[in-house]
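After this come two complexes, each holding subunit A, first together with subunit B and then together with subunit C.
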Partner chain A sequence: MYSNKVLDHGTKAQESATQVTLQIDGSNVTVPAGTSLMRAAVDKGVKIPKLCATDSLDAFGSCRLCIVEVEGRRGFPASCTTPCENGMKVKTQSKKLAELRRGVMELYISDHPLDCLTCPANGNCELQDMAGVTGLREVRYGYDGENHLTGEKDTSNPYFTFDATKCIVCSRCVRACEEIQGTFALTVQGRGFDSKIAPGPTDFMSSECVSCGACVQACPTATLMEKSIYDQGQPDHAVVTTCAYCGVGCAFRAEMKGNEVVRMVPHKDGKANHGHSCVKGRFAFGYATHKDRLKTPMIRRKITDPWQEVSWEEAFAYAASEIQRIQKQYGRTSVGGITSSRCTNEETFLVQKLVRAAFGNNNVDTCARVCHSPTGYGLKQTLGESAGTQDFDSVDHTDCIIVIGANPTDGHPVFASRMKRRLRGRPGTEGAGLIVIDPRRIDLVRTPHVEAEFHLQLKPGANVAVLNALAHVIVTEGLAKEDYIAQRCDVGEYAKWRTFIALPKNSPEALENDTGVPAAQIRGAARLFASAPNGAIYYGLGVTEHSQGSTTVMAIANLAMVTGNIGRTGVGVNPLRGQNNVQGSCDMGSFPHELPGYRHVSDASTRALFQAAWGRPIDSEPGLRIPNMFDAAVDGSFKALYVQGEDIAQSDPDTQHVQKALEALECLIVQDIFLNETAKYAHVLLPGSSFLEKDGTFTNAERRISPVRKVMPPLAGLADWEVTVAFAAALGYQMPYSHPSEIMDEIARLTPTFTGVSYAKLDKLGSIQWPCNAGAPDGTPVMHENEFVRGKGRFFITEFLATEERTSRKFPLILTTGRILSQYNVGAQTRRTENKVWHDQDVLEIHPHDAELRGIKHGELVALHSRKGDTALRAVVTERMQPGVVYTTFHHPESGVNVVTTENSDWATNCPEYKVTAVQVTAHAKKSEWQKDYESFSSSQEGFLPGTATRGETN
Partner chain B sequence: MDGTKLVHMANQIAAFFAAEPDRNVAIEGVATHLKRFWEPRMRREILAMVDSGQVKGMHELVLAALQGHRQNLQPAP
Partner chain C sequence: MQPSAHSGLAVAATPAQLAVVDAALARLRDLPGALLPIFHAIQDELGFVPTDSLPRIAEALNLSRAEVHGVLTFYHDFRTSPPAPTVVKLCRAEACQAVGCRSLEAHLHQAHGAAMGSTTHCGALTLEPVYCLGNCALGPSALVDGKLVARLTTQRLDAIVAAAKQKAAAPGGRS
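So, the complex of A and B:
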C-alpha cells in the first residue's frame, strides 16, 4: 500500500462543468458533480473511515466502514458510492455511526491474526489504523470461531508475498488487477465466508500475474507485501524521481531508510503513469547495488592486458592524452563519442558538447541510431518536429487505435494498461476500436476484455505496403478529410501523393502478395480508422528497424494527415520510445548532424549561438553515425571512441563486424555501471552512476521532461555528469557546472523549445512537456494544434520497396527480434535482478508447422543460421508466430542474436534492419563457434578485473 | 570506407527519391540528403569513385546527384 503519509482521497477525482455545493459536518463544500461524499469530505479535511475504497479504483461499497448520515434520508449510505448533490447535509460522525463502524471492525478483527508488532505492515496498515480510528477495544466474538488464520503464505513471486491469513477480502487487489493493470489475473473464489482471493487455481508465479505491483499497491493490509519490507522494515523517507527503464518514464517515490532504497512505489501524481508501474520499475532496482558494480576507474594499454586500478585523475589524464595523441596522429575527425539514452538530458548534452567543443568535430551519435532515428527523420520531414504529437492521456479520448510494430504490453507496459482501459471502455461507454499491424499475434490482439477488430498479420518488411494500401482505400473510397487537408497541409504535395497512392498498384488487392494480408481485412481496417471521430496511431521499433523505417514513419504521418488525425486530443502519431531517455538524448543534440533542438550543424546562425556560448568553433559538416564509425574504424580512419552508458557490442547488429571495429580502436573509453560487453574491448573504464545516484532529467515518449533525483551518493564517487566535466577539463576544455540545474539552464538558453524549462519550474509543475517557452509557459501536451511546426503538413510519396534481405532455399525463414516484459534492452540491469526468473535466456519462438518440418521439439537447443553468422538458442514452439517467421530477443549476450542480424539499414538514417533477417533453423544444435569464442573471451576479460577490490557489496 | 557499402547506401537513398515524379527534384533530394547526413570522408570517397569511373552498380540518380551537385557535395580539404 501507499505510505500512510500519502493522502488517499478514497475515490477518484471527477471532471464536470457542473459544481455542486453541500454541507459536510456543518461546513459548506463545493465539488464537481459526480464526486463522492467520501472525496468531498477529504477535500474539506474530513477523513471518513474506509477499507475497500482507495482513490486509484472505482468505488465498490463493500466494507460498510465509510457509512455516513444524510439528512432526510433513511439508512446509512456508503460515502464512497454516494455522489454529492446540491443541498445535501452530511454527518460523518455520530454515536450511531461509531457503533456501526466498531461493529464492522469487530468482525474483521475477529478473523485477523493479532500479530501487529511483528507484522511487516506495522505502522503502515489501514486495518490497524481503522481499528484505532473506530475505537475498537474488544472483540466480543472471541478468536476461536471458524476463521482463515491457517491459510498458507504464497511466496512464489520473487518480490512480494501473499499472506492469506491477513486478507480481509476487500477485493482492492482484484479490482486493481482489472481496472488498473487490465490483466484480470486475480479473482475472489468462493462465496460468503469461503470467499478468498486467488490468482486462479495456482500460485502467483504460475498464474497470469505480470508482477506489476498494482495489487500490492492497493492492499490495505500486509496480505500483499513487498519482500523488501519484510527484510528491511518500513521506510522512513521518500524522494520522488523518474524510472530509468522504458520510454513511459513513470514517476516513482523511492522510499528509503538512510541511503538504502527499501521499495519503489509508483507516484500517484506522476503524469505519465498516474500511480501505476510494471515489474521492472516497481521491483527491479536491485542492480543499483549489485556486486558487479564498477567502483574504481581503470586503464590498460591493450585489451589483452589486465585492468589497472587508478585514481579518477589518472584515468582522465590517460584518456585525454590518448585522445590528444590520436588526433595529432590521425586527425581531428579520428575520434568521437556516443551518448546514452539511459543517462540524463544533462549528461547527454555534456557528452555532445564535449565532442563538439573539445574533440572539435560532430562525430557524436546515440543509441537512438539503432531504434528511433527514423522517427526523428520522418516526423521532422512531414510534420516539422522530431517527436510524438500527444501526451499519454490523449488515449482516453481515442475512438480507434492503430498499433503497428509495437508490443506495448511487453515494451511499454504501464502505457499498455492505459490503452487497454480505453479499449475495454467503461460502463456506458464503448471501448475504442483496435487495429494491430504486426507479424506476431501480440498479446494485445486478444487479451481479457480486449480483442482487435483487425489483426493485419503482415509479412516482416511489408509495413509500407500495408500503410499504402490503407491510405489507398481511404483516398479511393472518398474517406479522406479533404477540408482538414486543404486547411492544414501543403496541397501541392498532397495532390502529388494522392495521385501516387490512388494508383492501382497500391490497392490492397495488388499488394496482397507482398503484405500477406487479405485485401478485405485491409479495406475493413481502413474504413474503421477513417470513420472514427478520433484515430490515433501508436508505433514502435517494428516500424523503424527496417530498411524502409523512415519511409514507414512518413507513411504513418501521411495516414494521420489524410484522416485529419493530428492537432487535437485523442489523435496523433505516437512513437513508443524504447529506452527511458531516447527522446531526450535526441533532443539534446546527440545526432551527428544536429545541435540541440534538432538544428542542423550547417545552419550558421545556430552554430554562432553555440560557438558564442561554448567558446569553440563548431564544425559545419555532419559527423559519423554509429555504423559509419564502425566502418571507419575497420577502414583505419577512426581510432578513438568515448561511450557513455551504452553497450554497442551487444545491442548493435552484425556483432562480428562491431567486434572487428572495436578491436581496431586504439582507445576505447567506456563509462558504465558494469563491465558490459563493450567494456571488454575498452582501454579506459570510468565507473558510471545509476539513476538513483544523480540529479538530472529524463524526457519520455510524450516529450515529458521529468526530474531524476539523487537518493544515494554515487558508488564510485562521481555522478556521470561530473565524469564528463572532469574528462573535458583534462582535455583542456572547461565546463564549470556545480549542479545539473546549471546545465539545464544552459540548455534552456540555447534551445528554443526549452527556454521555459528550469529545475524550479519542474519542482513546481512536477514535469513539463516541451515545447516550453513564452508561447507555452507550462509546456505543450498536444503539438501541431493550430498549424504544423513546419507550417503546412507535408505528404511524402512512400513507394514500397521490398527489403533486399530475401528468403532463399538456404535461409527460408525470416527472423524478427524484439523485447520481453521482464527484461530491458541488453539486460545489463534486469539480468542483475530477480527478473531473471522470468527470462533467464533468450529463446527462439517458432510456429509448430516450421518446428515439425525440422523435427524441432519445444525446449530443444536449435541452431540459428544467417549469412552473417550462427548461434544456438532454445526453441519455444508457439502459434503466436506465423509460419515462416521466427522471433527472439537480445537480452542475454551469450545468445549472440546480433551475430545473426545483418548490416542492412534504413535508407535515411542507417537504423539497422533488426526486424528482417533471412535465417535457417536446425534441430539438435550445439553452441556455435561464436558462442564458444564469446565464452572464452568474456571469461578472460572478467578475469582481468582486479578482483573484489573493484566490487560493491553483495545485494 | 568500404566503397561498395557507400554505393549501396546511396542507392537506397536514390530508390526513395526515385518515386518523385520530377527527376530534377529527385536528383536534388539525393544530393541534399548526402550533403546533410553524410560525413565528409564518406562523400569524399564516393566522389572519388565517380572520378575514377567506378560507377558500376551506381543508381543513375546517385550519379546525377554527385555529378550535378559536385561543388556543394565536395567537402573542404
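So, the complex of A and C:
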C-alpha cells in the first residue's frame, strides 16, 4: 500500500464551480460540490475510519467502516459515497458509531491471521491501523469457524506476492487495475463467503497482468506486497525523484532505508503520472546496484588490450592528453562528443559545453538523432517550437485521438493508461473516438473496453500518403476550419498547400495502392477527426524513423492546423518521446547546429552571448551529426569521441558500419554505468552514475522539467556532471560548479525559454513545463495559445515520396522495429533486472501466412537477411502482423537487429529509417556469422575487465 | 503478462468443443449482456464451460479474461469441467447450515474426495453448491440429479455415492 505517512483523502478531489458548506463535528467546512463527506472531513483534519476507500479510486461503499451520522437522516450513511450538501450537520464519532465500526472490524479480524509482528506490512497496514482506531479489543467469533486462513500464496510475479490469507476482499486492487491501469486483469472470483481475488483462472504470471503494481499500491493489507519489503522490511524515509526510463517522466517516491532503496512508489502529486507507474519505473531499479556496475576508471592503448584500472586523475589526464595529441595531429575538428538522453539536463549541457568550448568545435550530437530529430525540425518549421504542444492531462478533454506510429501501451505505459481512461469514458459518458494508424495491430486497436473506430493498417513507409489523404478529404469535403486558419495561420502558405492537397493524386482512392488502406476507411477517419470538437494527435518513432520522417511531422502539424486543433486544452500535436530526457537533451543544445534553446550556431548574437559566458570562441560552422561522425571515422578524418551514457554500437542502424567506425577511432572515451556494447571499443572507461546517485533534472515529453534527486552516493565516487567538469579541467578548461543547481542557473541565464527555472522554484512547484520566463513564471502547460511561437502557423507542402527501400524478389518482406513494455531501449538496464523473465530475447513477429509459406513454426530460430547483413531470431507467429510485414525489437545486443537495418535516413535530419527494411526470412536457421563474431568479440572484451574470472563464477 | 517467446496457452478443450463455443459466440455476441446467454448456450451443449473458452469469449466481447472468469464463477450454475454422471447440488444457505450441511460437505470431501465444485475420487459424482431450495424446514437439502432430497445425513450421502458408482459403471454411464 501507499505509505501511511502520506495523508489519504479517502476519495478523489472534485472540481466544481459550486461550493457547498456544511458542518462536520461542529465546525464549518466549504468544499466543491460533489466532494464526499469523507474527503471534506479530512480537509478539516478529521479522519474517518475506512477500508475500501482510497483517494486514487472512485468510492465503492462496501466495507461500512466509514459510517457517520447526519442530522435529520435515518441510518448511518457511508461517508465515502455520500456527497456533501449545503447545511448538512455531520457527526463522525458517537457511541453508536464506535460500536458499529468495532463490529465491522471484529468480523474482518475474525477471518484474518493475527501474525502482525512477522507480517511484511507491519507498520504500514490500514487494517492494523483501523483495528487501532476502532479500539478493537476482542474477537468474539473465534478462529475455529470457517475462515480463509489456509489460502495460498501466489509468488509467480517476480516483484510482488499475493497472499490470499490476508485478503479482506475490499476490491481496491480490482478497481485499481480497472480504473487506473485499465488492464482489467483482476476479478472477484466466486461470490459470498467463497469470493476471492483472482487474476482470472490462473496465476499472476500467466494472467493478463502487466505488472504495473497499481494493485499493490492500492492494497490496504499485506495481501499484495512488494517482495522487496519481504526481503528488506519497511522503509524509513522517502525522497521524491523522477523515473529514468521513458519520456513520460513519472515522479516517484524512492522509499529508503539508509542508502538502500526499498521500493519505488509513484508519487501522488507527480503531475505527469498522478501516482501511477509501469513495471519499469516501479520495479526495475535493481540494475543500479547490479554487480556489473563499473566502479573504477580504466584505460588501455588498444582495444585488443586488457583494461587497466587507474585513479580518476590518471584517467582524466590520459583522456585529455589523447584529445590534445589527436587535435594537434589531425586538427581541431577531428574530435567530438555525444550527449545522453538518459543523463540530466545539467549533464547534457556540460557535455555540449565541453565540446564547444574545450574541444573548440560543434561536433556534438545526441541519440535524438536516431529518434526524434524530425520532430524538432518539423515542429520548429511549422509551429515555431521543437516540442509537443500539450501537457498529458490535456488528453482528458479530447474527443477524438489519432495515434500514429506509436505504441503507447508498451512504450509510454502510464500515459497509455491515461489515454485508455479517456477512451473508455466515465460511467455514463461517452469516451473519446480513436483512430490508430499503424502497420501492426497494436494493443490499443482492441483491448478490453477500448476499441479503435478505425485502424488504418498502412504499409510501412506510407505515413505521408495516409496523412495527405486524410487532409485531402478534410479540405475537399469542406471540413477545414477556415476561420481558425484565417486567424492563426499564414494564409498565403495555406492557399498553396490547399491547392496541393486538393489535387486528385492526394485522394485516398488515388493513394490506395501506396497506403494499402481502403479509401472508405480513410474518408471515415477524416470525417471523425475533423468533426470532433477537440482532436489530438499522438505520435512516436513510427513517424520519425523514416526517410520521410520530417515530412510526416509537418503533415501532422498541417492536419492539426487545418482542423483547428492547436492552442487549447484537449487538442495538439504530441510527440511521445522515447527516452526519459530526450526532450531535455535537445533543449540543452545537443545538436551540432544549435546552441541551447534551439538557436543556430551561425547566429552571431547568440554566439556572442555564449562566448561571453564561456570565455572561449564558438565555431560558427555546424559540426558533424552522428552518422557523419561514423563516416568521417571510417574515412580517417575523425579520430576521437567522448560518449556519455549512450550505446551507439547497439542502438544505431547498420551495425557493421558503426563497428568499423568505432574500430577506426584512436581514442574512444565512454562514460557509462555498464560495459555496454560501445564500451567494448573504448580506450577510456569512466564509470557513470545512475539516476539515484546524482542531483539534476529531466525534461519529459510534455516539456516538464522534473527534479532528479540523489538518494545514495555515486558508486564510483563521482556523479556524471562531476566527471565532465574534471575532464574539462584536465583539458585546461575550468567549469567550476559546486552543485547542479548552479548549472541550471547558467542554463536559465543563457536560454530565453528557461529564464524562470531554478531549483528553488522546482522545489516549490514540484515540476515546471517550459517555456518558463517572465511571460509564464509558473511554466506553460499548453503552447501556442494566442498565437504560434513563430507568429503564424505555417503549412508545408508534403509531397509523398516512397522510400527507396523497396521489396524485391530477394527481399520480399518489410521489417519494422519497435519496443516492448518490459524492456527499455538497448536493455542495458532492464536486462539486468527481473524484467528479463518477460523478454529474455528479441523475437521476430510474422503473419501466419508468411510463416506457412516459408515452413516457419512458432518458436523456431529463423534467419533474417537484408542487403546489409544477416541475423537469427526466434519466430512468433501472430495475426497482429499484416502479411508481408515482420517486426522485432532491439533490446538485446546478440539479436543483431541493427545488423540488418540500413543506412537510409530522413532527408532533413538523417534520422535513420529503422521502420522500413526489405528483408527475407528463412526457416531452420543457425546463428549468423555476425552473431558468432559478436559472441567471441564480446566475451573476449568481457574477459579484459579486471577480476572477470571470479565474476564468471559468482554469476 | 506472459513471456514474449511464450507459445500461448495450452489448449485442452477439443476442437469440437471449441466449435460449439465459436458457434455460440457467433450467434449471441451482439446481444446486450451477451455473456450469460453465451455461458448458458455453451453449458447446455457441453454440460460445462471449458476454461479454454474464456480467452475466446473475452476476445469476442472485448472483455478481459479475468472479467469473464469473474462472471462465470459468480453464478453457481456454471461448471468449468465436465460433470460426473451424477450431480449433487447441496444446499448451503442459512437454514441448511444451521442443521449441519457444512459437515456433510466436509464428509464428502474427506471420505470421497469431492470438495465443493469438484468430483469424487471415483469420478462418479460431482458436488455443487446451491443456495436455498425452498425446503428449509426439512434440511439439509440437496438436489440429486435434479431430484430434491431432504434430511440428508452422512449415511444417506454414502448411499448416494454408492448408487452413483453403480450408475457410472453401468453401460451408457460416463466415467
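Details
Here, the second predicted complex is superposed on the first by the 947 of 955 C-alpha atoms of A that agree within 3 Å, B and C clash if a C-alpha of one lies under 4 Å from a C-alpha of the other, contacts with A are read in each partner's own complex, and residues count from 1 in each chain.
The working rule: contacts are C-beta pairs under 8 Å (C-beta built on N, C-alpha and C of every residue); 3 or more make two chains touch, one makes a residue touch a chain.
Note that the structure is a prediction, hence the values are computed from the model and not measured.
In the superposition on chain A, A:S637 makes contact with subunit B only, while subunit C stays out of contact range. Of the two partner chains, subunit B is the only one touched by A:K496; subunit C is not. Contacts of A:L801 after superposition on the shared chain: subunit B is touched, whereas subunit C is not. Shared-chain residue A:N910: touches subunit B; no touch with subunit C.
Once the two complexes are laid over each other on the shared chain, residue contacts for A:N628 go to subunit B alone; subunit C is not touched. In the superposed model, A:S207 makes contact with subunit C only, not with subunit B.
Legend: residue contacts after superposition of the two complexes on their common chain; A:S602 is shown touching subunit B, with no touch to subunit C.
Of the two partner chains, subunit C is the only one touched by A:T183; subunit B is not.
Subunit A has more of its residues touched by C than by the other of subunit B and subunit C. Those residues of subunit A that touch subunit C in the complex are listed here as 146, 183-191, 194, 198-201, 205-211, 279, 446-451, 820-822, 837-841, 843, 858-859, 874, 876. Here subunit C touches subunit A in the complex through residues 1-5, 7, 9, 51, 54, 58, 62-70, 73-74, 76, 80, 102, 116, going by the rule given at the top. Across the complex, subunit B is touched by residues 333, 362-363, 496, 500, 547, 550-551, 592-593, 600, 602, 621-625, 628, 631-632, 634-635, 637, 797-799, 801, 903, 905, 907-910 of subunit A. Those residues of subunit B that touch subunit A in the complex are listed here as 1-2, 5, 9, 12-13, 15-16, 18-21, 33, 35-42, 75-76.
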